[in-house]
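Both of the next two complexes hold subunit A, though its partner changes from subunit B to subunit C.
And now, the complex of A and B:
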């Protein structure tokens, strides 16, 4: 439920972001020196860029950093001392597309699953406030530049509404006349009051514009992808010839997985220097040979065929089977980043259209 | 390039696959995104000889559909030569641009492909559209490319294109070289900080084919995987060393990098060094001896004699 709505002119957004940065780290869409949109930790409020739609780098680093120190150690003869990392600091993830919010839901589901909930993740998550952002291509209040969303985004085909504010603590909706509406939904959202209280509450006209944009966005949701059928088919085609073709163009790099907002596999490594060291968690991907290589040298996934299959199976079968949630949110990042121009939408269509075996 | 038959791409593919002269045809098709082409790998029916295939109308239709999807134009950016490693024991036909043809020569020199099992289809090329610039320009590597026409081919699709004058060394690289060490370090640090260690550059590179890459070694582990730029630096510096005298400058790594790391700056620098010191350009001549892979009793350096 939306508790309150404030109206912030775009020109005042840096002031709002600056206030958020008081005592918190803020991760937001920015443009890097190459002009590429990426989620990055802000060092100045002006860096937040409201023209980004789906930044190339997803926001997952806020909850699953590329490198996370689990503990540090110091070794001396007959004595070892272990010290925990500093506790996580309060942080805000700002400007999340609803599909990235859904991806965090995937993280929450996986990392809180019994019997082994992931404590470092959950501690960091508890310190995190999510401020989503709506994208609506039609509606009277939609600024011109939002009327043409990226053709690679297919979240609607997975039933995700780009105006959905559920699972966020606060949510930004672009309004006409270069303004943003800030919706507050949770206690964590209300805790941001010092940052937003100086902005005026929404008037009836603003509320009507937001409601209209939501209505139009919802009307566009017609999920043509039958995820249940895809999962059913995947259960029967583990040994299919299909995988022989699908893996062939894939070069086996980790671009898709590292830039995927839902991919969360990691490796645990030692970073040592002399007698000091740290055990760190780093990103890993099922696309790498090393991912499944045993200490004996044996590797159960011998080729790209098995690895490509694993990627599709994990996202659309195993995840759905165990957690009832697909590990894909339709953000299209993997399509944009793939150096071989593989398109997961085509693969899904092919799997969906397979003739049903009786 | 030696004179060879100018042919139509689809007619040739149809013939090569129908007669069983090749089992695998590696070319391009339109990608699902604008301004892009994706690889298209066509097999004669998997596991069946071409004779069996002719008797299967479904497989025949599928093959005809794929051959019809073949294209070659200024969107075909991928260096397909990388895929030759996947089909080592097969009879393969492959479409190569000028730059890509140099990668084939490199692999022939290093005895990584069997020339008898390979049909090279040369595609003269004026440069590939830079999709990052919304289609208004060709890639820098293409603007500075010295081989718009393939250096080796059995067949050629399209007429040879004129070869524009190209600078000996990219002006940008030359400018970088002249900077003081601190500024060069700063730039290197900045480029490496973008890297997410996805290894797309390595996996796209036809010259990177080690069975176990140093970056994948775990006993011992040579390269860390953290976000400290020193890990990316280690990876790229080692890879650069391995590519000394072997990098042809095709630009596959630069175009394929999802984070836009400008590896060109360092590859170009390395190539120009090899050219200065040894007068050698990688991938130009099948019978030439790559300088860092040969040994002579008349070497000018005493330590190696």
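And now, the complex of A and C:
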């Protein structure tokens, strides 16, 4: 439930972001040196960029850092000491597309699962405030460039509404006359009061505009992808020739996984210098040969065929079977990044349309 | 089971290597006896036979290894480790002497179906150094407090040569006992070897363990499994009563890092022990 709504002029957004940065790290869409929009840690409030729909780099680094110290250690002959990392700092992830919010739900589901909840993740998550951002191509104030959403985004086909504010602590909705509405939904959202209290509350007209944008957005949701059928079909095609074709163009670069907001597989490595060191976890991907290769040399996934299959199976069959949530949110990043032009939408369509075995 | 409350599940228990035993002639299989530096940690490390743990060497990494001692061996935990030239952790471990501090994370996995084994005949089949968690099981079942909880125990254990049989003194002692039937076999005739000669599947066909009211535990190299399972089926063992233990490359050991799955099952938390019925429902990706 929305507790309150404040109205922030776009010209005042840097002031709002600057206030968020007081005592918190802020991860937000920003332009990198190449002019690409990516999620990155802000060092100045003006860096936050509001012109981009799906930043190429997802926000997952806020919750699963590329390199995360699990603990540090010191070794001496006959004696070893281990010290846990410092507790995580308060942080805000700002400007999340609702599909990226859904991806964080995937993370939450996996990392909180029994029998062993992932304590480092949960501690970091508890210190994290999510400020989503709505995208409505029909909204009266929607800038021209966002009226034509990326042709690669297919979150609606997965039932995700780009105006959905659920699972966020606060949510931004673009309004007419270069303004943003800030919806506050949770205690974590309310805790941002010092950053937003100087902005005026929404008036009835603003509320009506927000409601209208939501209504229009919801009307666009017509999920044509039958995820249950896809999962059902996947269970029967492990040995299908389909995989020969799907993997053929794949170069095994792993870009799809590293840019995927739901991919969370990791490696655990040692970083040492002299007698000191740290055990760290780093992003990893099932697209690499080493991912599953045993010390004996045996590898259950010897070729890119098995690895491509694992990616699709994990996202649309295994994840759904275990956690009842697909490990894909339709952000389209993997489609944009694939050097071989593999398109997960095409793959899903093929799997969906497979003739039903009688 | 492995839920460690609010603790960071990646921080290992501090342990010390207490004893190292070379198990084979090739000297690439050793058993490491570990003792907990804080005795109360041993109580937290509450395991059942068939579970595994991550052996942790700071500066080198971790390796998931089956627990080779019995839960009733209360003062220590043992692991039998084969060294591979590409294995950073196993190589460093093999270069380690008693007294070295290291870490232990676990216990992990489901273990053998002890509850289901109660009151049953137990058939244990193994080959090579895969015998480790089954050695733990035999030690456990032969404990005076436990032995009467199961009926007959039949063990068939094979290795390439007499010098490659692990836990040799223990198996020799067990083969002289009346409350367990042990058959040891080697692949080829060898000087001084008075036991059987032949591959495990052939010996199983010859010994003919009875399937009636029995639970069968089997662990060995893939080629042994491939030819032994049909023999067991021929003898009448049911897929639901036959259990295998799997190995996979692992990192976290707690179902997060995403690399040890066979189809929808994670070997680290759903396994490593699966019934043959469960295995036949999985894709053959192992």
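Just so it is clear, the second predicted complex is superposed on the first by the 357 of 358 C-alpha atoms of A that agree within 3 Å, B and C clash if a C-alpha of one lies under 4 Å from a C-alpha of the other, contacts with A are read in each partner's own complex, and residues count from 1 in each chain.
The criterion applied here is as follows: contacts are C-beta pairs under 8 Å (C-beta built on N, C-alpha and C of every residue); 3 or more make two chains touch, one makes a residue touch a chain.
Computed from a predicted structure; not experimentally measured.
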Partner chain(s) touched by A:252 [first = subunit B, second = subunit C, both, neither]: first
Partner chain(s) touched by A:267 [first = subunit B, second = subunit C, both, neither]: both
Subunit B versus subunit C as contact partner of A:118, first or second or both or neither: second
Subunit B versus subunit C as contact partner of A:166, first or second or both or neither: neither
Partner chain in contact with A:75 - subunit B first, subunit C second, else both or neither: second
Subunit B versus subunit C as contact partner of A:339, first or second or both or neither: first
Touching partner for A:198 - first (subunit B), second (subunit C), both, neither: neither
Subunit B/subunit C common contact set on subunit A: 267, 269, 284, 293
Residue ranges of subunit A in contact with subunit C within the complex: 70-71, 73, 75, 78-80, 82, 84, 110-111, 113-120, 238-239, 264-270, 272, 277, 279, 281, 284, 286, 291-297, 300-301, 306, 310, 313-314, 317-318, 321-322
Subunit A residues within the subunit B interface of the complex: 32-34, 36, 56-57, 65-67, 151-152, 241, 244, 248-249, 251-255, 257-259, 267, 269, 271, 280, 282-285, 288-290, 293, 335-337, 339-343, 345-346
Subunit A partner contacts - residues on subunit B that touch it in the complex: 31-33, 36-39, 41, 46, 78, 82-83, 86, 190, 194, 196-200, 202-204, 216, 218, 221, 224-228, 255-260
Of all residues in subunit C, those that touch subunit A in their complex: 1-4, 6-12, 14, 58-63, 84, 86-87, 90, 99-103, 247-249, 251-252, 254-264, 269, 283, 285-286
